[in-house]
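First chain A sits with chain B, and in the next complex the same chain sits with chain C.
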Partner chain A sequence: MGLFSSPPAALGASAIRNIEAAKNLRDGVSRRGFLQASAVGAAFAASMHQLDILQSPVFAEELKKQQKHVILIWLAGGASQLETWDPKPGRATGGPFAAIQTSTPGVSISELMPKMAQRMQHTAIIRSLNTKNADHGGAAKILETGRAVDQGIPCPDLGAMIAHELGRADSQVPDYVSMYSSTEGRRQGGSGFLGGRYAPMFLTEQMIPENTSRLETLSDLDHSARGDLRAFLANKFRSGRPDLSVDSHNSAYQRVRGIMSSASLFDIEQESLAMRAKYGPTQFGEQCLVARRLVEAGVPFVKIARAWWDSHGQNFETHLELVTELDHVLATLIDDLADRGLLEHTLIATFGEFGRTPQINSSLGRDHFASAWSASLHGAGILGGSVHGKTDADGQKVIEGEVRASDLFATIFQAIGIDYRKEYHVGARPVPITDFGGQPIRGILA
Partner chain B sequence: MLNFNQLKSLKEVGTPEINFAITKLPDRDAVVVGNSAGQLVEFDLSVDKPQPRSFQTAHTSYVTGVVSSQGGLVSGSYDRKLIWWDPLERTVLREIAAHDKWIRQIVSNPDGSLIASVGDDMHCKVWDAVTGELRFVLDDHAAITPQHYPSMLFTVAFSPDGRLLATGDKVGHVAIWDFVEGRKIGAVESPGMYTWDPRARRHSIGGVRSVAFSRDGQTLAVGGIGAIGNVDHLDGPARVELFDWRNSLSIAELTDTAMKGLVEQLWFSPGDTHLVTAGGDNNGFITIYDLATRKVAKQEKAHQHLHGLAVDEASGKFYSAHHGRVVTWNIRDEQPQST
Partner chain C sequence: MSQTLRFMIAAVYGLLLFSGKVGYAAEMPAVDLPIPTAIDRLLADSHERMRIVPARRADDRTLLRRTTLDLAGRIPTPQEIVVYEQDSASERQSRLVDRLLAATDYAWHLRNELDAMLLSGGNSPQEWKEYLLQTSRANQPWDETFKDLITPNQEDQSKRGASHFLKSRVNDLDDLTNDTSSLLFGVSINCAKCHDHPLVEDWKQDHYYGLQAFFARTYQTKSQRLAEKPPAELTFKTTAGVEKPSRLMFLTGATVEEPADPRTDDQKKADLEEVRLQREKDDQAPPVEPAFNPRAELVRLALQPENRTFMARSIINRTWARLMGRGLVHPVDQMHSGNPSNHPELIDWLERDFIGHGFDVKRLIRGIVLSDAYARSSQWLYAEPQPSPDDFAVALVRPLTPNQLASSLLVGTSSPDRFQKAFDSGGWDELREQLEKQAAGTAKLFEYPGENFQVSVTEALLFNNAQRIENDYLRISQDRLAGYMQESLRPHDSGEQAGDGEIDAMIKTAFDVVFARHAQEDELQAFRHYFQDRGDRSPAAVQQMLWAMITSPEFRFNY
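And then the complex of A and B:
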């Protein structure tokens, strides 16, 4: 019997749907359909075993992806590349901070990042982003979606695409969590044409999601009994109506119950005092600790927005505060993930909508600058200690290895095993997951 | 006779660097500025077109303080060093690793026998200006803000009698020291200078940037910025708070929104009739308050942000250090001929 020939009669209806989905996957039509359909549990796992699907490198790759996670640290307002990853000490544009040698010979970063300097083995630096748009709103849209040109349709952001690719239909946790406590540049992002299923759980005012606890007037027993009754009626209704919309309705209830039960993931008081002390008492530190808890529980994509980088005035005092915190928290997050064996499965990315001007203005600030700026990647899939691209002596322009937003996104996709050449279909229109022409930066990938 | 109504720019010299600190050389119409290239540069302002005369290269970061003293010129820098200079030869006499973090400001006492320096290691250190000996270390400023970020010790000033020191930090804490006896004798708080906001701005770009004792020693002026409107510009009122420091009592607040930004410099006129404030946002300003009415008596826009100010009462001139410029100002009744 061929892999995709008629199924044996012993297989149940769900397995039949899975095989149909697998056919689609083989045909390159809908891997997501496969994942949604395949996520029905152990029965299907057994069926897969029977069919020896794991022998297929395509499926092995697909399953591997499910182990991957991304934490995006969004530096809202635009952090200065000169005070982080691309220092220019001794130049008029360089500012007052020195550069320090990292654990990778020949690679120096700002003295504000002594902890990250010792973690270059987990770090790839991109110093040659040229994303052209230096307006907050427009630039944020580019760096959220990886698309420089308006596609004429609402496009999903990075989190939604990764949630779509790596999320599991049977997951008990959210696929995409976005923590955006800051008011500066707050944008929810979104799932665009992928649909609301992949929209972020968007946390702004508090770290623990609202409305996820059981009503106090309802006992746990009653709550459970109501759920059982609903499931009984729903299953009875469904038994005579093999319809995807009915299944979707039921899975939505399952997800709500899963999210309710996962609310404790957002509660850092579940962590030891020693662990909380490692991350430190700042809001950003606590959010990164939550991000680790979410990733550990299986959330594919977590975004943490740390704002107030828009340093038009007093750039050096601003970066003295914020980079010091970023250095500590990022180093702690990397160490924590590594200690738990999660770093090889988790990619951490740091960037915002743009960088900052080499020119120092008369408020000792730096202004918006999208022509030559930096991002960093850490952990899964990257070549530790690598640096891509080069800017000129004053940091005014890219002189080697120019990178666009689409290239950055292709690199992220590739690092976590997502085919950057994949296409979505909006109606009959193909929309590539990576914007047209985007290529991964091979030199910083493992 | 000083007449602040006569405040007017006399001469402006453009520079490619950011000039942070300035001191007038004795007996000459010349200044030495400290700049963003890590240099000290002398300008002879008596000539028609002053040319820069650089000192020996010694600092490796921004020079944020330069003063004249009995031991020669002394400079302080973000490179953490204090350097004593021969002002004639423009060469290094002595170099001391003075602080563990950036030196924010240095001042000399009225007779030039002592130098006080403050840095982001949150120490105030008092040095013998002649020997370079460390005389006192004064500590009262927390290294970490209440929100767990690095604090900064921006400013220091001697009292006119040379007996007291005041030091001001990022969170608005000001300590007053009798350094002759080596002890703290008072403190005032100006939390309005600390612009950290848990919602609108989870970081701070304000802080106490200047302090000055009145001539009679009774009042302490504290300068900085008020509530900032825009997210990350210096878009807040230039703010000064006056204290009866012996009783830790705030007695007046002087704010100006016509010319905004940080108050970087403060100076009480003879007789405490006026308070000169200077600083800026992108632009610079000199704003002079009549202390009897606490109203603005005179105000002039300055070229870009003003960082440093030196006053020569004898000649009736201000000398100011700006982003990209050095400026001489007239402040006396009969305007001197432009030099």
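And then the complex of A and C:
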């Protein structure tokens, strides 16, 4: 339905034209109309016509299946590599927990992760991160952006870059959702020089994003019709003003109704009790279930921050609780994605800003440690059962295959088919998507 | 003189003569020209060379809105439209500009802009904002503001606020170096930290570490005072891995020699202990000012006649960019030899004028907004391809800043009566301050527009569905425009339909207040039908029409 519930008889020709144009603007075909009107538009319009295949339902469904996704589980505060992916049982630094064999012969992980031990075929482990900075803020910035040195310009985080590479301009779903419910170490991240279009939809207190449901005082019909009236004004304004910021304003408003209708993706009540039971009753579990729903609907990047791993005291109690939960939820997420045929298109990554010291302090804690720690990758594009890098017997330093943040990012890009050598341009300055020198870790890629 | 040198001079001379004939080295206009005349003459030269016919002048209402947004930080009130149109057409713009520059609004808006430029705005300390407000009100010369920022006098209550420029960055020496360089000198030299600048021959690592050396001793005491650590040898590592001492060096390569350190080892130890105490305890007496203060040396160097071009051109270019949508040098932090301006004579002329008139920012602003270049239409409706933004031949569309948007939302959705009293009998100053405070909270919800700004879907969702938009701007109440519009149809509450004439009058009022322009025929039709279709829910229809207006790009942008 258009702007009016019934076509008014006395509508002037120019008003009708403008309203048609407004409808088109809302329907997202204004670009074609605009180009056809211009002298050079004809050739371009023809090539746009070929793109109409994108509108076909079969093709769209196919495209959606091929779409890649990343779920980043951010272990805020810094998880211990020794209680997860790089155990050192029997050493002075090893702590009380044992190591267990995994489904891949020769690979052991902490006994706190029995479920993940059975899912090594979907897992690649990196045990040799050396990111040098062991201060929460500075380190988080490095592991969020993949850049070790301040670039003098605001740089996009991983989610924004992936949203930029994989998001579709006319997408009806958000392309970067970030959940951070606890307040410890909360950081919003951001899209830096890529611009507000790629900023995260950021969920903190609530599980449902803000302002995605209509006020009750307004009917759905009026909500939509006033949008048409707005588009009518917008279309008039745009004439003779081909400005990208103005376009971004219009496309933000065009995306509103789609985003609103996708708000139900955040509602886990719509999942069966059996499914919810699988993920468990914890907030982290529920957020991972939401992440699966989002990915299934086509969202390219979801980040879930699980806090707070900063165990300067009582490291082992903290990790007994947090690793056990991580093991369960991560395993469930992997199984669920695999059951739905989504795992081969979805990469899950787990890491935080750094790891924890091998030496155990007097409060039975482990402190910040950035020179030899671990990350894990699961699902799309990785070689299951692979392990990259080695630390020494006590886990004090990397002795083989040192990995920087830029290498980790290059690996993630490569795994989901993004060219890690791509360059952005900020004015005249080239800024590579992967920080200078970053190389994918070939050995753990499929 | 050697043979070779003689030859080279002859060759260069020959080239100059040659280019004088076919090239277009524009002549520098006279010193005593009014700024707008110089701007327009130099841009006209450039347009002629490039065979560009600039866009026509914007219509008066558009210019009123644009100028008010730029000088008062908000859209005009209905009363201001009336006053504007009472002036003769030829004097409208100059009288408007003089009114706005004299009004209380000017300092509020300039304060917000300086805050955004120097401290990224948002949550800056009250003391800092107070300082900026005072300097904006007094039109403090820019060289003095520059001095306050780098060497704030913490004993002077009225200057202390300036210290937050350094304090907010004091924990990160790279931020101190980069931000000072980029915000106050117009050159981003951070690339030269790890290697000589890849694109600009001017910047070597020595420059980066040279500038950094001026800030290397600055620290903050526990009692929140800026202080200087005692002298210490500073070094940096070159790309070749060589350890090099960093000297106090300005961007031009000019250096300062520090007097020899006469302290005994015991004194040095005591000084270090003093720094430790100052950092850890807040009950210490204020630290003693050092005899040699590197930051004071930086100010001295940067203001010397042969060096002050950096700080002068940076603020000129940033002011131009703020008012024209793009710098004469673009980007504004890349004012170096590798990135020349398209209008080199113009920026030279403005620099000479600015320095010659005591670094007077208000005078510069006045000159720019009175130029024809500022007054051009933002619409390009001609057969020729649209000129590049660097040509300033068509006005650029600029997103409103968070404060401009928040203040304009309040003004543009107020009942036209709301400002009448303040207008008739004084009291605007008070009302304006209230407006500023009311707008501050909403302003935090928006992003400050940088280069290639994009509106986020979060903003669109906010306007679509947040209760506060409905409450703050669309409320049907006596002081809001929605209430006023609804009231204008009141005789028809009893069931009788309002006539076309009354509906049109209501719509026209809305366009006047929200967009500061007349409604066009097709708009009247569209809005009238929208309203008539919702005859059973007239208040809601009014709110929806207003909503469509405040969410349109015409409201969101300065055009």
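Here is the rule we use: the second predicted complex is superposed on the first by the 354 of 446 C-alpha atoms of A that agree within 3 Å, B and C clash if a C-alpha of one lies under 4 Å from a C-alpha of the other, contacts with A are read in each partner's own complex, and residues count from 1 in each chain.
Following the convention adopted for this analysis, a residue touches a chain if its C-beta (ideal position, glycine included) is under 8 Å from a C-beta of that chain, and two chains touch if they have at least 3 such contacts.
None of the values given here were measured: they were computed from a predicted structure.
When both complexes are overlaid on chain A, the residue A:Ala234 reaches chain C alone and has no touch with chain B. Applying the stated contact rule after C-alpha superposition, one finds that A:Glu317 touches chain B and leaves chain C untouched.
Of the two partner chains, chain B is the only one that A:Leu364 touches; chain C does not reach it. Once chain A of one complex is fitted onto chain A of the other, the partner contacts of A:Glu423 are absent, as it touches neither chain B nor chain C.
Of the two partner chains placed by superposition, only chain B is touched by A:Glu184; chain C is not. Of the two partner chains, chain C is the only one that A:Asp222 touches; chain B does not reach it.
Measured by the number of chain A residues touched, the leading partner among chain B and chain C is C. Per the touch definition, chain C reaches chain A in the complex via residues 174, 178, 182, 188, 190-191, 193-194, 199, 330-331, 334, 339, 378-381, 386, 396-397, 399, 447, 449, 451-462, 464-467, 470, 521-523, 525-527, 529-530, 532-534, 540, 544-545, 547-549, 551-554, 556-557, 559. On the side of chain B, the complex with chain A involves touching residues 16-18, 36-37, 61-62, 78, 102, 147-150, 152, 199-205, 207, 231-235, 261, 280-283, 304-305, 322-324.
Those residues of chain A that touch chain C in the complex are listed here as 3-6, 8, 10-12, 14-15, 18-19, 149-152, 174, 193, 195-197, 199, 201, 209-215, 217-218, 222-223, 225-227, 229-230, 232-234, 236-246, 248-250, 252-253, 255-256, 259-260, 427-429.
Residues of chain A that touch chain B in their complex: 77, 92, 96, 98, 181-184, 280-283, 307-308, 310-314, 317-318, 320-322, 324-325, 360-365.
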